[in-house]
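All chains are identified by letter, namely A, B and C, in their written order; residue positions are counted from 1 within each chain.
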Amino acid sequence: MLPMSVPLIDYVALSSVIFFIGVAGVLVRRNPLIVLMSIELMFNAANLLFMAFARAWGNNAGHIFAFLVITVAAAEAAIGLAIVVTVFRTARHVDVDDVSLMKG
Amino acid sequence: MLVLSLVLVPIVAGFVLLVLRNENPVMSRTVGALVAAFTFGAAIAAHGQEWSYRWLTRPFVASFHIGDTAISYWLVLLLAICTFCAILAASVPRQRAFVGQMLLLEGAMMGLFLARDLLLFALFWDLMLLPVFFVLLGWGEHVATAWRYFIYNFAGGLFLLLATAAFGALYGSTDVIGRSDVHLAGAWVPWIFWGFAVAFLVKTPVWPLHTWMPLTYSDTPSPMVAVVSAVQSKGGLYGFIAIGMAFMPEYVKAYAPILIVLGVISLLYGAFVAVTQNDAKRVVAYSSLSHLGLIVVALASLNATALQGALIYMIAHGLFSAALFLVLGFVESREETRSLVRLGGIGATNPRLAGALCIAALAALGLPGLAGFVGELIILTGIFQAGLTWAAILALIPIVLASAYMLRLFQGIMNGPQVPDLPVRRDLGWLEGLALAPLVLALVVLGVNPHALTTFDTGAYNAVATTLQGGTR
Amino acid sequence: MTVNVTSADWYALAPISIVAITALVVLLADLFAPKHVNRYLAIVLAVLGIVVAATDCKAAYAHDFAAFGGAFIVGGFSVVFQEIILIAALGSVVLYGAIGKDDRIAGAIALMLWSACGAMLMAGAGSLMTIFLGIELLSLALYCLCGLADRPTAREAAFKYLILSSVASGFMLYGMAMLFGASGSVALADLTNPVLASNPLLWIGGGLFLVGISFKLSLVPFHAWSPDVYEGAPLPVTAFMSVATKAGTLAVFARFVYAAMPSGVADRLLLPIWIVAGISMIAGNVGMLAQHDLKRLLAYSGIAQIGYMLAALAGGTALGMRYAIFYLAAYTFMNLGAFAIAALISDDAEQGSRLANYRGLAQKSPAAAALMTVFLLALAGLPPTAGFLGKILILSTTASAGYVWLGIALIVGTAISLYAYAKIIRAMYQRDEHAHTHAAHPFVPLAWASAIVCCVAVVVLTFVPPALRDVLPLVR
């Protein structure tokens, strides 16, 4: 195992902070673009964790996983932006609360 | 294989009638009656036959196991006779579909009585409710009635399902009906017992679970309700004998006081309400509540004599209630009402109709010489033997009241001054007469010679009576 | 760890590859086909591809094999789930015969096939990476499919599904990262190491992972998306989504429950899931009562049905697994059948989605009404349908595994649901002189065929239940 200059727990702490910023962003922000960005933040928090654990365990499966997540997140962002555009094309301003034709 | 045809032939014939295109009332009625007549003959020929095919091996053993038992044999014959008569008497709009539903009902109930497997029993139990539900939707007077029938009975069916699953999990096999070596024990058995009991008490019905019944009986077309009241209601009682008393006698004994109290309340309540009803079909509906309450008391008294009486009375009640509903159907189709207040004086112009109603009503009130009397007498003797003197005395009250409401029914329809604005129609035709003849004949034969039922097959009650003795000691 | 990839590994992926290639073929054929045949050409090609894939898939039954070093595991378990997913794809693709704009059919079918690939990948996933890949492939294609209709509700459904499902994926991914941290491996097999039982990373990671799963299964606290998405999405997409997402996710969940947890963890970690399953049975069925839209009603119904399937898994027994699969198969047929009937009485405006349009259906089209009745009875769990047998099997296995309260929740839920289903039956058989039911589509043979096949399957499964041996999930 390689020597680590930064202890593992710091990575875990940082990633969990990023993750919760992402969750809070999804819950609090009303702009769909920022909601999408918050989701990316959640994914990237997981990436950071994968990298940290991959290094700690000396198992590069974590690296591969992170690459996979980056690829998937790119696809998700592309589709997400396309959907946001179609939904809000006719709207004057964008707010997720306006998307409520159907109510549970 | 013949025994299998008892279930399959009516179901297949029913489906064929339902999907056929051309609407020919005579053809539908002929096909229906022929199928019912076939099941009657086949039921006699197939007595004692069994047919079995493995269904599940896990989580418990279950089979498509079909075959009559000493008790269900009589119910199967009753079902065939009642279906035959009801189909002959049927004259409703969209006859083809109606007869199709009647045959489906017959097939499902054949399955119920012939099932030797609890899971199969539960399957046919729910299945037999569907044709009635559809007839109530398609031919009934109020949609709300169909609802009430559906919800009450399927809720009961769910209890049955739960109890069956628990039975299978506990005993490892549901292929048990008709076996005398099966005995359940364990902490869960009271729950299983009540699961079955609720389903049976709803179906019978017994106060306070009866509220679906008067509505259903008055709203369903007469031919269907004749079969429902004559045979479907016996499904619960049969289940009580074949499942509750056979496999869980201790619990029947333990909870007998509750059942007896419910039965006594039903038989009193039904009789008192029947006296006050003005709708002819409701009079019979409440009288059924009262009569079936008596059978529940007989079964819960855990006495071999009462059990024997209960079986006779089950058959007798089937015959006379089918006859009553069919005759009331004839009256209704002639006069377009069944209100006792509006009806009157029909007997003068329709003597044969009056005669038929008279015999059915006399059988219902327990006139000696007709089948009802024999059953009531043996049941009362049995209840006395069991030491339930108070129940027997209370059970006498409705027998007196039965004379009151049945005579009131007869008088309200047939006697009195003729009501001028009622349409005058022709008397009972030959087809309608033919529809009633088997029921009346059977009522007289069983009334004169009840031994036909009690001694035809001496093994009839042995299985149940043995477990019952074991349970009471 | 070195993994030697041989041809056997690729053969294990053959069914998925066939479906993926079929999707490409459908797209290419659409480019060259004349306008008036492209709809049926796309459907026929897709059906052929699915049938070939299903035939090929069958071969792996009872031949367990861990491909790619355990990342993808084929065997009885994966085969059964993959077949169910393929049936779902088949039953949904044929609905495009009745619904949808001509020029979009090929694209929609291709997306649906790729989505099915994702679900099939989940069915065999043996590592966290494959699970993630499968879920995302399934979901990404579904986001697009949901929006593929010219209705604001469809776009709204796509948007809601995108946001909520991505959040769930985020939770799941973060949980996976934690699980990876706990075991140092992405293989599910390495999670069974008993040392991990006291590792907080496993508990937190497992918890987050299960939150993600509950969302994808639309269990109760995380169910709010499903009625809206089901209602908004085009009818064939709803049909596909209702079965394929559930089948794929259930496979992942079952593998996690049965084969990827250190001993002693399962009881405590999974208890919240069983509780949530019990609540879902009741809440889903209660939710059905007030609905006026068939797709929305079936969404709530699905919430309850997945609760029933989870109840079968509650004891972690081999029989429970079989019955969950049995019920899933039965549910697949009854659900697809109901959607086929809805497609029969719809055109692009999807009249078949509104329950008001079922009034007096029995007069207009007795056969459609009769078939729909069978499917509704099956969903309610009444004989003579597979729903009845499925429920009784689940009841008995759940009760003997000691989760009697789940059995009681099942019965209570079923009792409530009876009313909701019977309401539709009643409407269909009501004698309505002014029935404004949309006349049945003149000729939609594929949807009819699908409905009839589903009806036969629903009845036959009751009387000849498949034996389903060797369907326990394995990890290595």
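FYI, a residue touches a chain if its C-beta (ideal position, glycine included) is under 8 Å from a C-beta of that chain, and two chains touch if they have at least 3 such contacts.
Bear in mind that the values here come from a model prediction, so they are computed numbers and not experimental data.
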Chain whose Cα centroid lies nearest the overall Cα centroid: C
Pair with more cross-chain C-beta pairs in contact, given A-C and B-C: A-C
Label of the chain whose CA centroid is most distant from the centroid of chain A: B
Between chain B and chain A, distance of the C-alpha-averaged centres to the nearest whole Å: 67
Separation of mean Cα positions, chain C and chain A [Å, integer]: 26
Length of the line joining the C-alpha centres of chain B and chain C, rounded to whole Å: 43
Set of chain A residues in contact with two or more other chains: none
Interface residues, chain C side, partner chain A - complex: 128-129, 132-133, 136, 140, 143-144, 147, 152-153, 155-160, 162-163, 166-167, 169-171, 173-174, 176-178, 180-181, 184-186, 224, 227-228, 231-232
Interface residues, chain C side, partner chain B - complex: 319, 322-323, 370, 377, 382-384, 388, 391-393, 395-397, 399-400, 407-408, 411, 414-415, 418-419, 422, 425-426, 429-431, 463, 465
For the chain B and chain C complex, residues of the former touching the latter: 18, 55-56, 58-60, 64, 119, 122-124, 126-127, 130, 133-134, 137-138, 143, 146-147, 150-151, 154-155, 157-159, 161-162, 164-166, 168-169
Chain A - residues contacting chain C, complex: 12, 15, 19, 22-23, 26, 32, 35-36, 39, 42-43, 45-47, 49-50, 52-54, 56-57, 59, 61-62, 64-65, 68-69, 72, 75-76, 79-80, 83-84, 86-87, 96, 99-104
